[in-house]
């Protein structure tokens, strides 16, 4: 239930982020026991490179606390959509915070908004939509893969978000977003292999007073076809972009400063104190606080295509 | 004649770069007189924001020298392809050093290489090809615009490069690179609205022992069609990329450091020396040597598509 | 659809150009380049409406004519593609035979100026220009389109009136003068909202030294109407910049949940407020003027230093008498500071270290901290400091690369220019 | 086409993987992952030829079988698309019904391993894998392609032998270990060549503290065969790194125009060489070993400090007797230093300031200076120094963003990963 609002202490059933390092975080469920493959109920022990954690021990602990592991320690953090996208079980390729942030901003999602999303996928974006629109809005999220829809529905429930979301198992390209959703949406988001097929359904789902549209697609041809349909249906403010986040690697670097001046003077002129003293002198080092890019950066996530459905476009 | 090789002093007829500042450079011809619009021969005076330059005065001066203007000074630099691309008369959109450098590298142009280029355009890339392939190679450059071809031919002559280049006025998409060039090229470069139409001609022009190919195009569809034809004709190592150069703006910035600690102590406890002294104290400033991007960066120049024609591909 | 009312901020859009404007009175005019628009006919029309600019008079100005227009509500049918109207058919295959010698247009500029005064419709003006162009029909279709777009932009006679949103204002502010919003680009703004976790639940702390109100407005927008979230908005000046906040026209209860306070003043209240202390309510506190909700421009916010108390004492001699609005706000803020916050956002023009040192203890454990800055070197230093003290974990210093694309049939490519600076974000989570 | 000869460096290419290898003797083998290739059949074949890997024996190793292969020259006809051979037709519309439970392949890994030893042809192995996959025919065409590419990569049995060029080596070095070439990425390398103006005319000065020979090789390559250009290549170690230079197999006259000298030694020669001085040819100079043209690995180059003279004295007691190769090279270099250079390129692992101070006076006026560095902060400092002294103008500090694209029908997008570091270039022109 730890996704609903900020809370201070871990309660049983919370999802908790066990933070070991920037590159090692795990989402664990704060339950004292689990059922193993043989069907036996056993104590919930979580293994980490720094030793094991008896999960029961963290229940009641304050979020942000340090917890001891058998060979080290970790911190327990309250989950939120950012930490969740970094730890969630991947059922599909997911969208990350930089793109998601732009999607929320461009779709103008705020408390009270009604958002239609397809597909649900691993639910990373859904969690963001839910944070942004609760407690007064609603998310309608669709996936054509039945198991994924079921998993997502279950997850939202365990996260305390069930009141604000409806999960549908449905092929929206062919069947649309159900007629109940005609004209209810402030915003529609598509992450589909053929977004152009779903644009007419998005058009129907948006309010008569207008709304915002977004499609995320890895390939430029998907955006091209999508824009083609958007234009025909009377969308405007059509805009495509990509957002790539770069992380800076910060470290202190030292550089030897070499002396070349002494070469101008003949050695013989300083018979004693020359060479040996030079080589024995400690190397002069200059220190710099530096930042640089990591060796590998994300070069592409997807193209974001945004559009506005203006008010009062007749929906035939 | 100042493009052939490094030289130390300005001779009559040289193109000279008059360097005023990073954003203000001019290519001028070192001739004492010019003919004005009325057909009269007059002294060659060059006007700058820092006053005028009597061009005769720079003849015989060493490159790199400071020359006086009536209201300031400038430096005279020997031109080279980098400075030339920044000062040349634009007859078309031109390609700049970052893309050009990649083109030369990928086309493996070195002295002795035979290169076929279309279109000549403003000749910015041609100057780079010529620097890289002279004194033992040759550039065949084509433009479908007659005036541009003539201007380029004249320019190469005045720049002392005529021995290494042949300029053609020809529509290569429809007519090809002339049969004399069949099988002579180490590398072919295309900058055309429809590069796919010229790829079969590039195929013919390349040596039987193979060679490298490059097409520069602003739009992705041009690259897509080009790659389609390249693949059909048996080219391999097909690779598309973009290169964007970012300049760093370097400056020293100062930041006020504000004191908030004093707010913890009640004012009354230090009746005399408190507020007035605070406000009279010089603000503490911390200085940083910083670098940042300029507000606007080049976001796109073009897509570079490279390919290899492997050896011994039968040319039908 | 909401209705345009007096006192509203409105967004005026002419093609891709947008502008934020206060519709303060019935004689208000808006200026778009050389065009001056009388706004009175907007009253009581729905947001989203399009109006036609009708020339009323034209005065010679330094850089060409300045025109005064009235606005007439128009129908969707009036908005149609210039290309359809002109019905251009013949186009050359490429531009090989075109030499641009500046003599392609046979109309003189005085002719064009006169036509413009006589004729309201850009399509007619453009039609004339095309008729009188010697080269238009030899240009490629692409080149014709470019020409028409350029001319359309110049002569386009319609404006749309839209209701301000964070999205529209972020674009306007960044385009007009990024410095006035500390260079916070749209991608960065969107990430500040994400990383700080602003939502309908929780109490949030913001320090900003001047973003035209964009940052508090974006946060308040994400907190939502009718929710329990509260924002303490600290600023270094006498009065907070609130333009974007006012433009959102939020419900009163929501506005009330933005507590704007002076950094120095509220810290003193927080550190010393509950102590019985003789000099407390006299002396230095009055220097902060009451927060007014009238329009505040960027210039009114001072430079990040506590204003000297002397001057203000002269200005407000009666300040001892009653609790002023700013005192009430300080007390509300201090109460929340004692409870601690669910997130901290900072966007300082000053060196952020001492401010962070003062505000970080006010954040609960396991809560996000987001520090925006334009100077990477400063944030590197703070990164190292925080890493050393271990008070904040999961530290990341990031910036963004954002490119927009032109996607058109056979002409798809990234836009030729892009914004070079997104600013930098230092993010992390507090520990117990 | 050139012929593969003993002693050559060769580039071995297996699909997209490339490797630089010395073909030093007839029993030389090359290692590509778990595959060991006997090179002897390459002798006297033309560069560009493709060879088939034929398994000779297979040994169990720690991480699976290690296989020894002989190479057989093969014809173009043997190289054909795996897809054509397998002739796949049925593919699903999307992956909705595929659940990846790891049981899709019914062949065991031991079956596959055995098949591999018995069968040279990857197409046959893949055919079997496809036959025994339960899900292959339900996958989308895209997904099938991905599967085939992955398998093809694993079992592909052809290698092509190519002649090393700067382009191929720059790719190999950067992919294998960017640190060994100081992180000089291909775009940056190409720009170093442009900005420094290297061509068939002029005398050039390079200081580099270790790029596996890539930087001097690229410069020499651009200087060309049979031209008058000369390069003085200064390095901080006992012997220069020359691998890339040797791999190019340049004509002798061209190799002679690369004068590789130790930085300290040549500066002493330059400062003091013409003075009649008793101790000159004895003492510290001998420490630098003769430059040998055998293979030099990165490790052999020392850390950027003048080696102590004592050790070397013991090693070369007879060094007074004759002018050694390094002394001749120092004299040739010093003569050029007196004439001054047409350009300066630096790529230092050390702090570049003192080196620049020593080398900048050796450059003629109006000539390019190009300083490569991996640390922006250092170059910023030099930028400011040069700006202040005014010795170099038109200063620019740049870096690059380079993205490669996947361009395929309906699947066009930038590659998902890109290299994050291009390094930085500080460029400018000397003034008189």
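Letters A, B, C and D name the chains as they come in the text, with residue numbers starting at 1 for each one.
Assume a contact is a pair of C-beta atoms (placed from the backbone, for glycine too) under 8 Å apart; a residue touches a chain by one contact, two chains touch by 3 or more.
Keep in mind the model is a prediction, meaning the values are calculated, not measured.
Moving only between chains that touch, what is the shortest number of steps from chain A to chain C?
1
Give the chain pair, either B-D or B-C, that is connected by more C-beta contacts.
When B-D is set beside B-C, the one with more contacts is B-D.
Which chain's centre, taken as the mean of its Cα atoms, is farthest from the centre of chain C?
The chain farthest from chain C, judged by C-alpha centres, is D.
I need the pair from B-D, A-D or B-C whose contacts repeat those of A-C. Over half of the residue-number contact pairs should coincide.
The same interface as A-C is formed by B-D.
Quick check: how many Å separate the C-alpha centres of chain A and chain D?
37
Could you work out how far the Cα centre of chain A sits from that of chain B, in whole Å?
41
With chain centres taken as the means of their Cα atoms, state the distance from chain B to chain D in Å.
The computed centroid separation for chain B versus chain D comes out at 27 Å.
Which residue numbers or ranges of chain C touch two or more of the other chains?
Only 376-377, 401, 403-404, 412 qualify.
For chain B, which residues are shared contacts with two or more other chains?
Residues 220, 242, 246, 289-290, 303.
Sort the chain contact graph into one of these: line, ring, star, complete or other.
Contact pattern: a closed ring, each chain touching exactly two others.
Could you please write down every pair of chains that are in touch?
Every pair of chains in contact is listed here: A-C, A-D, B-C, B-D.
Sort out for me which residues of chain D touch chain B in the complex.
Per the stated touch rule, the residues are 1, 46, 48, 76, 165-167, 170, 186-187, 189-191, 193-195, 197, 199-202, 221-227, 342, 364-368, 376-377, 380-381, 383-384, 393-405, 407, 409, 412, 424, 429-432.
Would you pull the chain B residues touching chain D in the complex into a rising list?
4-6, 8, 19, 22, 25, 62-66, 75-78, 80-82, 97-98, 100-102, 104-106, 108, 110-112, 128, 131-132, 134-136, 209-210, 220, 223-224, 227, 239-248, 250, 252, 289-291, 303, 305, 310-312
Could you pull out which chain B residues touch chain C in their complex?
Against chain C, the touching part of chain B is residues 144-145, 147, 193, 218-221, 242, 246, 253, 255-261, 263-264, 266-268, 275, 278-279, 283, 286, 288-290, 292-303.
Would you pull the chain C residues touching chain B in the complex into a rising list?
Per the touch definition, chain C meets chain B at residues 94, 96, 99, 178, 236, 263-264, 267-268, 271-272, 275, 277-280, 283-284, 303-306, 308-309, 349-351, 353-355, 357-358, 374-378, 403-404, 410-421.
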